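Take a look at the structure set out below.
Note that the chains are named A, B, C and D in the order they appear, and that numbering of residues resets to 1 at the start of each chain.
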Amino acid sequence: MYDQHIIYPGSVRNTDDGAGWQFGARLPYYRGQILSAVEDIAITVDGEKIAREQVRFTVRGRTFTLDELETEYVERWEFGEVAQVSVLRPGGLPAGEHQVTAAVQLRISYLPWSPVTSCTTGATIAPAHA
Amino acid sequence: MTTPHDIKRGVSLYSYQYETFLRRMTLDDCIAHAASLGARGIEVVSEQSFTGFPDVPQAQIDGWFDSLERHGAYAQCHDMFLDVKLYKDRKLNFEEMVTSLKRDLRFAKRLGCRNVRVIVNTPPEVVVACVPLAEELDVRMGIEVHSPFHFDHPWILRYTELTRATGSDHVGYVPDMGMYTKNYPPVFRDRFLRLGATPKIVEYILEAHAARVLADYVLMDVRKLGGNAVDLQMAETLRHNIWSNPRRMLEFMPWIFNIHAKFYEIDDSGREPAIPYEEIIPVLIEGGYQGHLSSEYEGQRHIEDAFEVDGREQVRRQQDMFKRLLGEA
Amino acid sequence: MTTPHDIKRGVSLYSYQYETFLRRMTLDDCIAHAASLGARGIEVVSEQSFTGFPDVPQAQIDGWFDSLERHGAYAQCHDMFLDVKLYKDRKLNFEEMVTSLKRDLRFAKRLGCRNVRVIVNTPPEVVVACVPLAEELDVRMGIEVHSPFHFDHPWILRYTELTRATGSDHVGYVPDMGMYTKNYPPVFRDRFLRLGATPKIVEYILEAHAARVLADYVLMDVRKLGGNAVDLQMAETLRHNIWSNPRRMLEFMPWIFNIHAKFYEIDDSGREPAIPYEEIIPVLIEGGYQGHLSSEYEGQRHIEDAFEVDGREQVRRQQDMFKRLLGEA
Amino acid sequence: MYDQHIIYPGSVRNTDDGAGWQFGARLPYYRGQILSAVEDIAITVDGEKIAREQVRFTVRGRTFTLDELETEYVERWEFGEVAQVSVLRPGGLPAGEHQVTAAVQLRISYLPWSPVTSCTTGATIAPAHA
C-alpha cells in the first residue's frame, strides 16, 4: 500500500551542486523500519534503469549507499517520513518532462517474501538558471 | 435489551494510519477522535505513532500521556513486532528474540499499556521465556491470532500448549476478527476488478467462497479457467482471509486480553458486510469477555487507488455499530 | 484399568487392498482376518470389494453375508464416492448428485450397513436432500472429515450448519484420524528420501512440521533453499496431512457414526509413530463414543516401491493397540 | 500407487492375428472406475511414443478406442482387474528385448487434477513360429 505516495508530490529536482537529481521518498509500509530492511530502491527514469551504485539515500542528515543501508541496524526510515533519494548523474536531468518510477523492496520479518511497492510519476525539470 | 456485560470500547490508531502517514492527523488528533466516540481504550502501533523506537524521546511519551489525559482516554495496548529478519543473512536467535520481546514489555509499561499484542510469527518458546518479566511488570502478552491462523491451527495449538503449561494469567491471546471473514469483502472484490480481474472468474471465486471450497482447489480451478495474475491474486486471498467459528473464542476467553476489531468497511447501512459483528459480539457477551473491542480499520489499502480514505468516518461507523450491539444508549 | 466404554472394533477392508488387488486375498479372506482379531464390524469400499457396482450380482452379495456369518462378523459401513466428474465436459448437477447418493443409501441397505461414509467432496445440500431417505432406510450418512479438512474448516462448518438444521440424527460425521497427524510419518519421510529428496531439506521440513509452521511458509522456504521436485512434494504433504486437536470431536460426538482409524504404520513397539491413538482413544471414551474404530491401513502406498506390503500384520498390530488402549483383556 | 503393477508381469506379446502387440493392464487406483474416467493410456516402446489412435482397450470382451472410453458411462475397469491394452502395428514388435511404458491418466472426481501413474517394464518378444 501507499504505492502512489512513495514519491513526494512535486519533489523531483536536480541537486543544487549539479551532481545529480533527487526526490523525496516515503516508506510504503504501515510502520517505520530499521534501514537494514530496505533491500532495494530501484529507480527508472524515462524507461532507463538507474544502476544501484548510483543511488543514495539520505535521512535526517545521514547519507547511505543502498549497500550501506543493508547493514544499518539502528537508524530508521520512519512512518510517513520523507527521506531524500538521489541519483548521481553529473548535470542532473535535462530540463523538461520526465517519468520517474521508484520501486521499494522491503524485507518484512513476518512475510516469507520481500514485497516490492512501486510508484510512477511525471515530473518537470525547470531549465537551469542562466 | 442486551445482556449485562463488561466489554469496553477502544480504537487502534492503526485505523488512522492513512491520515497519519499524510500528516493530516497528529497523534493528539487520533486520540481526540477515538475519545470523542467514547472509545477510550487506545491501542498503538508504536513504530507508527512514535519515532526513534525503541528509544522514543521522552517528549513524545509525555505528549502521549498529555493527550490521553486531556481527552479522557487511556493506554490499552502496544502492538509489538519481532524483526527476525533484521540481518539479511540470518534470523535472530532465541536470545535475541527474547531480548526483543522484553524490550517491548518494558516499552508497553512506559506507555502505560497493560497489554502487548505479540505478533503471530513470534515462536511460543520466546513468549514463554518472557512470562516472568511480564508478571513482574504486570503487562500481559497476547499473541495476535490472525488469519490464516485460528484457534485450531497447529501453530496456535502449540502456542496454547506451551503457554498454558506456564500457569500464568499474563500470557494469552489478542484475536484479530479478520479470521471471521464470513462473506467476501466487497472492497477486495472491487479493487481486483479495478486491477483487471476477469468478471466471470471473480463471480466464480465469490461462489466458491460462499460454498467454502478448499482454497487450494479454487486456485487450481482459476488456473484451469485461464485466470490472469490478478484473478490468481484474488483466489490467493481465500487462503489468507478465512472464516472460522467465533464460538471457538469461548474456550479461550479467560486469556483473551484484547480484540482486534478488524474491519474493511462499514457500509451505509452501518454493517460490516464481510465480518459478522452481530454474530461475534453476542459470543463475547456470552463468554463474559472483559477487554476491549479495539477498532482496527484496514479498508484504506483496498480503496486508496480509487477513493478518498476516511478513517475517522469508518471508525465512527464501527463504534456506532458497537454501541448498538453492546446495548449502549 | 480403563473407564467403561462402548467402543467397538472393526476393519475397513481398504486395509487389505494391496493383497486384494494382487488377488492374494479374497473378500472372504479379508472378513476372516478381521474377525479373527475380534474386529467384527466390517467396513467396505464397495467399488473395491465387489464388481459391477452399483449393480453388483446377487451372488456376490450372498457371498458377503455368508462370509460375515461364517466368521462371526457384521456389516458396518459402506464407503460411497460421488463421481462429479463422470462427464469430461461438465460436473454432475444437483439432481444427479442426489440420485447418486440415494443409490448408495440403498446399496448400503442391501449390504446390511447401518452407516454410509459420504466422501468429503459431496456438497452438504446434496446430503441434506437425502435425509428423508436415510431416515426411511435407517441408514446414517457421515461425511468423512478428512485431512486437510477438520471440524473447524469452513467447508465442514457449513456442512454442520446445514445438516444440524435438519434436526435429523441420521446425518453426521465419519472422522478420519489422518487429520490428527501429530508427528511426521516416518514412512512418508523414507519414501521421499528414496525418491531423491535432499537430506538437509528433509531435515528442515521435519523441524518446521514439529514447530507447526504454516505450510505455505514451509513451501516458500523450500523453494528458496533450492529444493528439488521431490522436496517440494514432501513440503506439500504438510498442507494435506494436518494436525488438529482430537478434543474437537467431543462437540460432535452424538453425530459421529464411525471412525476411520487411519494409520500409516504400526512399528515394532506397537505404536503409530505419527497418529497418537493413545491421545485419541481417551477422548473417544470421555465423549461416550459408541461406534467403531475401523482400521484403515494406508501405509502400502508409501512402502510398495521398496518393501513387501503386509496389510494383515499391520491390521493385527493396530487391533492389538486398540485392545490395549480400550482395556480389553 | 500400484505404479509397478500396471503392466501385468510377462504379459507383453504380439497379437495372434499379427495386427499388433498387447499387454495386460491393471488400473493404478484403489477402486474400480467407470471407463469415462480414463483420460489417457500413453504407451512408449523403446523410447517411441505410440499415437493415441493406435491404442485399443479391451475389458470383458468389449474393445474401445481411447476416445470411445471417454464416453463410456456404464462399463467399468474393476479394481485389480487385468484389461488388455493393444497397439495396432502390423507384424507387432520384432523379436527380442523391448522396453514398454504405460502411463495411465485418470480423472478422479475429488481431485482437482488428473493424476498420471506410470509403469515401465522390460519384455522379451519370442521369435515368430517358423
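We adopt the following convention: contacts are C-beta pairs under 8 Å (C-beta built on N, C-alpha and C of every residue); 3 or more make two chains touch, one makes a residue touch a chain.
Being a predicted model, the structure only gives us computed values, none of them experimental.
Undergrad: When B-D is set beside A-B, which has more C-beta pairs in contact?
TA: Higher C-beta contact count between the two pairs: A-B.
Undergrad: So the centre of each chain is just the mean of its C-alpha atoms; given that, what is the distance between subunit A and subunit D in Å?
TA: 63
Undergrad: Rounded to the nearest whole Å, what is the centre-to-centre distance of subunit B and subunit C, using the mean of the C-alpha atoms as each centre?
TA: The mean C-alpha positions of subunit B and subunit C differ by 38 Å.
Undergrad: Would you mind pulling out the distance in Å between where the CA atoms of subunit B average out and where those of subunit D do?
TA: The mean C-alpha positions of subunit B and subunit D differ by 57 Å.
Undergrad: Rounded to a whole Å, what is the gap between the Cα centroids of subunit A and subunit B?
TA: Centre separation, subunit A to subunit B: 30 Å.
Undergrad: Of all the residues in subunit D, which ones touch at least 2 other chains?
TA: Answer for subunit D, listing residues that touch two or more other chains: there are none.
Undergrad: If you look at subunit C, which of its residues touch at least two other chains?
TA: Those would be 216.
Undergrad: I'd like to see which chains touch which, written out pair by pair.
TA: Chains touch in the following pairs: A-B, A-C, B-C, B-D, C-D.
Undergrad: Residue numbers of subunit C touching subunit B in their complex, please.
TA: 123, 148-155, 157-158, 211-214, 216, 239, 242-245, 248
Undergrad: So in the complex, which bits of subunit B are touching subunit D?
TA: Against subunit D, the touching part of subunit B is residues 216-217, 220-221, 224.
Undergrad: Flag every residue of subunit A that touches subunit B in the complex, lowest number first.
TA: So the residues of subunit A in touch with subunit B come to 1-5, 26, 30-34, 36-37, 39, 70, 73, 76, 78-81, 107-110.
Undergrad: Provide the residue numbers of subunit B that touch subunit A in the complex, in ascending order.
TA: Interface residues on the subunit B side: 14, 17, 20-23, 45, 47-49, 51-53, 81-88, 119-121, 300-301, 304-305.
Undergrad: Can you name the residues of subunit A that touch subunit C in the complex?
TA: Residue list for subunit A touching subunit C: 112-113.
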